[in-house]
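In what follows, a single structure is set out as structure tokens and then discussed.
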Amino acid sequence: MLRIGIVGYGYWGPNLVRNFSTTQGAEVKIVADLDPARLARVKQLNPAIEVTADIQDLLANPDLDAVAIATPVSTHYELALQALRANKHVFVEKPIAENSEQTEHLIEEAEKRDLVLHVDHTFIYTGAVRKMRDLVRDGEIGDIYYYDSTRVNLGLFQSDVNVMWDLAVHDLSIMDYVLPSKVTAVSASGVSHLKGQPANVAYLTVFFEDNCIAHLHVNWLSPVKLRKTLLGGSRKMIVYDDLEPSEKIKIYDKGITLHEDKEKAYQQRVAYRSGDMLAPELDIREALQVEAEQFLRCINENIASPSNGQAGLRVLRILEAATVSLSERGRPVKLGWNGRGMKVA
Amino acid sequence: MLRIGIVGYGYWGPNLVRNFSTTQGAEVKIVADLDPARLARVKQLNPAIEVTADIQDLLANPDLDAVAIATPVSTHYELALQALRANKHVFVEKPIAENSEQTEHLIEEAEKRDLVLHVDHTFIYTGAVRKMRDLVRDGEIGDIYYYDSTRVNLGLFQSDVNVMWDLAVHDLSIMDYVLPSKVTAVSASGVSHLKGQPANVAYLTVFFEDNCIAHLHVNWLSPVKLRKTLLGGSRKMIVYDDLEPSEKIKIYDKGITLHEDKEKAYQQRVAYRSGDMLAPELDIREALQVEAEQFLRCINENIASPSNGQAGLRVLRILEAATVSLSERGRPVKLGWNGRGMKVA
Amino acid sequence: MLRIGIVGYGYWGPNLVRNFSTTQGAEVKIVADLDPARLARVKQLNPAIEVTADIQDLLANPDLDAVAIATPVSTHYELALQALRANKHVFVEKPIAENSEQTEHLIEEAEKRDLVLHVDHTFIYTGAVRKMRDLVRDGEIGDIYYYDSTRVNLGLFQSDVNVMWDLAVHDLSIMDYVLPSKVTAVSASGVSHLKGQPANVAYLTVFFEDNCIAHLHVNWLSPVKLRKTLLGGSRKMIVYDDLEPSEKIKIYDKGITLHEDKEKAYQQRVAYRSGDMLAPELDIREALQVEAEQFLRCINENIASPSNGQAGLRVLRILEAATVSLSERGRPVKLGWNGRGMKVA
Amino acid sequence: MLRIGIVGYGYWGPNLVRNFSTTQGAEVKIVADLDPARLARVKQLNPAIEVTADIQDLLANPDLDAVAIATPVSTHYELALQALRANKHVFVEKPIAENSEQTEHLIEEAEKRDLVLHVDHTFIYTGAVRKMRDLVRDGEIGDIYYYDSTRVNLGLFQSDVNVMWDLAVHDLSIMDYVLPSKVTAVSASGVSHLKGQPANVAYLTVFFEDNCIAHLHVNWLSPVKLRKTLLGGSRKMIVYDDLEPSEKIKIYDKGITLHEDKEKAYQQRVAYRSGDMLAPELDIREALQVEAEQFLRCINENIASPSNGQAGLRVLRILEAATVSLSERGRPVKLGWNGRGMKVA
């Protein structure tokens, strides 16, 4: 039985408590939060769970095997580091830390101690994204040509990070999970429409080592809400619309072929192929439940999490590079690789 | 009565003949094409129109006041130049020429002779785009924050120009007509998925002298056809979906306001405003008919066409700069202005 | 301060407790349910509310001004009757009772004692339906030509009533609220696809004293969920789609006019009119909150509820007549009026 | 080579000429119309086709094997009868005649002379409807539970027939082709909103000898155009939306199962099944081309047309019965069968 402590019981913490409580093999022992009203709420809903206003107390608790951290981003690094140093496995909200340097330290600390460091990239545990990943992995899509996402709505404007850190982070974690190629560079552009505030509209192009291209359109100031992703491949193409009540994933048996016959004119050599469209049934379990089970499996079977510290680092590096590019109107910023992840060239 | 000659009777020429024939004050006198079968078709449908396989003959015809050119792009410059030199007003398909140098020559020639030089930016004569322009011009939208267009479908791959010259050219002509600010720079990215061929997926960001931003997503390899534009402003926002059978334009009374009260936290100072959505009735006349009438009015009243040579030049300059940027993974390329149009800095 | 007791804390009771608790001028004093676990849940969420397993105890409680009943339909009549006889105002779930005879008794009892008898026709308190009613009442729609509703989905099959009692009841309560004319007859058809079970597909036509017609399509066995209503009038027409996240109500300025000119052929005399479409901003408050406030206003100001016993009776009479018609393959069943409501002819 | 004469060159005639001209094995020899301008148009587009203003001349022409009739309905019977008596195969627009008596005479005449009598039920030759038919025939859908169609738009009001004869006739011909069961009765309701004119809104329920039910909603006065059909079966269900640019047919692997376990409550015994949705690629050939080939095959191979005189008669009988029922507010009207088709009981 894995004993878990949860730090932070604000917006997301209750979901962590609820899902870890219903995960077989896990037990939520204690919840820490600075706000007594929140702790009272924990007791009301879960009388058996201990509560504390002293986070250090929780981190030092020898009865805990793992700690889940759902506090503001600025505290992630300190809390995760302490938890790791107290030999706890760590489940931390995204983004994993404020910057890639902090993230590298956390990764080192976890590796040194052979602990699981898991970032809560919730989207990759949805039925829709797992289906996309399976289709790509199994070769159904063929070579990946492009990944194009539109994630726009009205609000909620933030003052500490630009819209990419709020919205594009979801797509970057999905891309990290689904796409097989390595990122080599990014180009981003965007503007702010509120004086002195971070960009509220942004466009982010991601280049890969092959001729795959990804593009993310994020906007806090759209009159309509859109969550639409196109994934094009040499064999099939996917439209993933997260706002569809069902049929979120549609697989199109469409594409083109270029005949080699040099005698013919170019237009005649391009053949357009069309076939069935399939919307496969998707696993509709709550993503966080699937993720909690994955976290346990990683600990128990000593396997890597699909959203481990390295994945969190890769996402952060792209956001950092994109923020630089955005301030220079799209100047491409290269991303290099070392043995353990990417590093700005 | 304005007497018009039409050069080229391929895909678009028949539409020109039909629309100029039904425009009050205009008369199609002669059609030129190298293909006798096409000329026979002209006679069959319009027995009163003369036909000729000798384009020079048409251009030199002293009975003609104007010439409409619907031939391949590579011939536009030569034909338009000859027509202008023969003192004919010119109506020419888009893009106006192969490059901005040619375009500047045509503009000079037309100005010198006080002739109308009109580019067939058909979209700006649709009811939907004219409605958008009216709303922007009349202040209904307020300050323009962004223009975002998605124009994707499967096919038709071209071998001589990249996808921006085929698809983004429509959006650029619409932006030139609707948006009040001056373009200052572009950043573009894209890739080709057919070896040795021009890019078939491209993303184009356009920067303006104020904090308006425009972005175009064009793709020849999408499993679904999309024609959707978002236009955000400080007062209202528009969604323009050209695939809607009716209600192509939707005006949302939505937006945000930032209160100045520095005491309050940022999140509390941002207010989100929501109101009615209106889909105004649109003029459903054929765009080319509206455009033909506009061309006549320009000649008869000696006024500038909204899609005159300068407009064609501005669109071309952006395409040229974007093509440079695309080859350098988004490096921003500046566009400067001289007295008569833009010029690469 | 109106003191309310709630009977039944199953699926809907918690919503009643929550909404009456937050209604100014109302106070939930006590909740009764036979299940101790449910009562424990009440205490957990609302420590100040008393609980009891003895419903008689609640009904006899002299501290209560009103009783809300959220129990199975078969118990509505007995519980409501007792509450009225104990001089409590009554708020009861739909349908108000098992048949029209019971309903007439309840109405008489409430009238005799000058008590409010309110049926929970929740839909008529939504922003969308209130907007439709306002538009009809204010003459915006003109004469009502037809009301057409499709309300289909997969499940939930019931064994005690046919699909009309489960789904069409919503439309009938909306029609009762929105449409000004009197119902004169119904014709219904339908079938069961599970042997020995009530009809799971049904079509119900409602005739009015003028040439308005209404039609309801209800189905528990549809592959897709649809909630779409068309309301046609002589001046404007409405499309109400309850599944739209926003823009649930669309008002079309469309219609026809028949010119009187007898000289002309019929086809030339019919003119089709087209104009703007408007999706007005709707009140997005929770319907049950609006309804709770309405219930209080009816008590405090001694005014009739839009969903009073008479309204409940009118809906029931139509369902009863439709059930007869359905068993006879659409034979029309007339509905007559007496001074206080309809009565089967 | 089958030699065909076409009678009537108004709205539909040109389509017949075009499609029969491109059908291998067929040749359009002559076109008859009373209007000289139309005949001139025939010559212009098809110089090799003879034209005549004398319909008798065409019908008597010994060089013709078949005659296609695209004239007003009131003339169908006379013209078709003459053609059959002149030993021509007949292809006639829908509805085949003004009433079922006329239709029976035509059927008799054709049978006596062993001629093909084909009614132009165009919809059943579309890729979408043929796909539905194949799925039903091959058992993919299982037992058919219901067929539900909505076919509404604004216009075109007609003065000689009610809306069922204009719009429901399409659905009836589709049902006749797709559904395996025999019709036993109909119930229809509707109203007219233009004084003295036929009903412009109508609802038509069709009962079958098993517990399949069909329902058609037709309306000339809808603010929006809808063309949506639901087909429910015991194994799968279809949504057919003719307005979708592609994916007109969607097959849902959904349904219910009733477990026999009498111990359990009814609600527990009903199981809802959900699976993939498939939108199969459809044949996109022009329906009339497919139909012309079918007509030839019927003649050459002496096989029955899917839309032969009997099919036309079945559709007519339902329309006649529905018109009676509509005038009596839904009173069910039975339809009986004799050896060769249905007959009002």
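All chains are identified by letter, namely A, B, C and D, in their written order; residue positions are counted from 1 within each chain.
Operating definition for what follows: a residue touches a chain if its C-beta (ideal position, glycine included) is under 8 Å from a C-beta of that chain, and two chains touch if they have at least 3 such contacts.
Predicted model only: the values in this text are computed from it and were never measured.
With centres defined by CA atoms alone, the chain at the far end from chain C is B. More contacting C-beta pairs link the chains of C-D than the other of the two pairs B-D and C-D. Annotation: 53 Å between the Cα-based centres of chain A and chain D. For the pair chain C and chain D, the distance between mean C-alpha positions equals 40 Å.
A straight line joining the Cα centres of chain B and chain D is 44 Å long. Of all residues in chain C, those touching 2 or more other chains are 274, listed in ascending order.
Interface of chain A with chain C (complex): residues 44-45, 225, 243, 245. Taken in their complex, chain B has these residues touching chain A: 145-146, 148, 150, 152, 154-159, 185, 187, 189-194, 197, 201, 203, 205, 207, 211-213, 215, 217, 219, 221-224, 230, 232, 234, 237-239, 250, 252, 254-256, 258, 266-267, 270, 272, 274, 325, 328-332. Listed in rising order, the residues of chain C touching chain B in the complex are 246-247, 253, 274-281.
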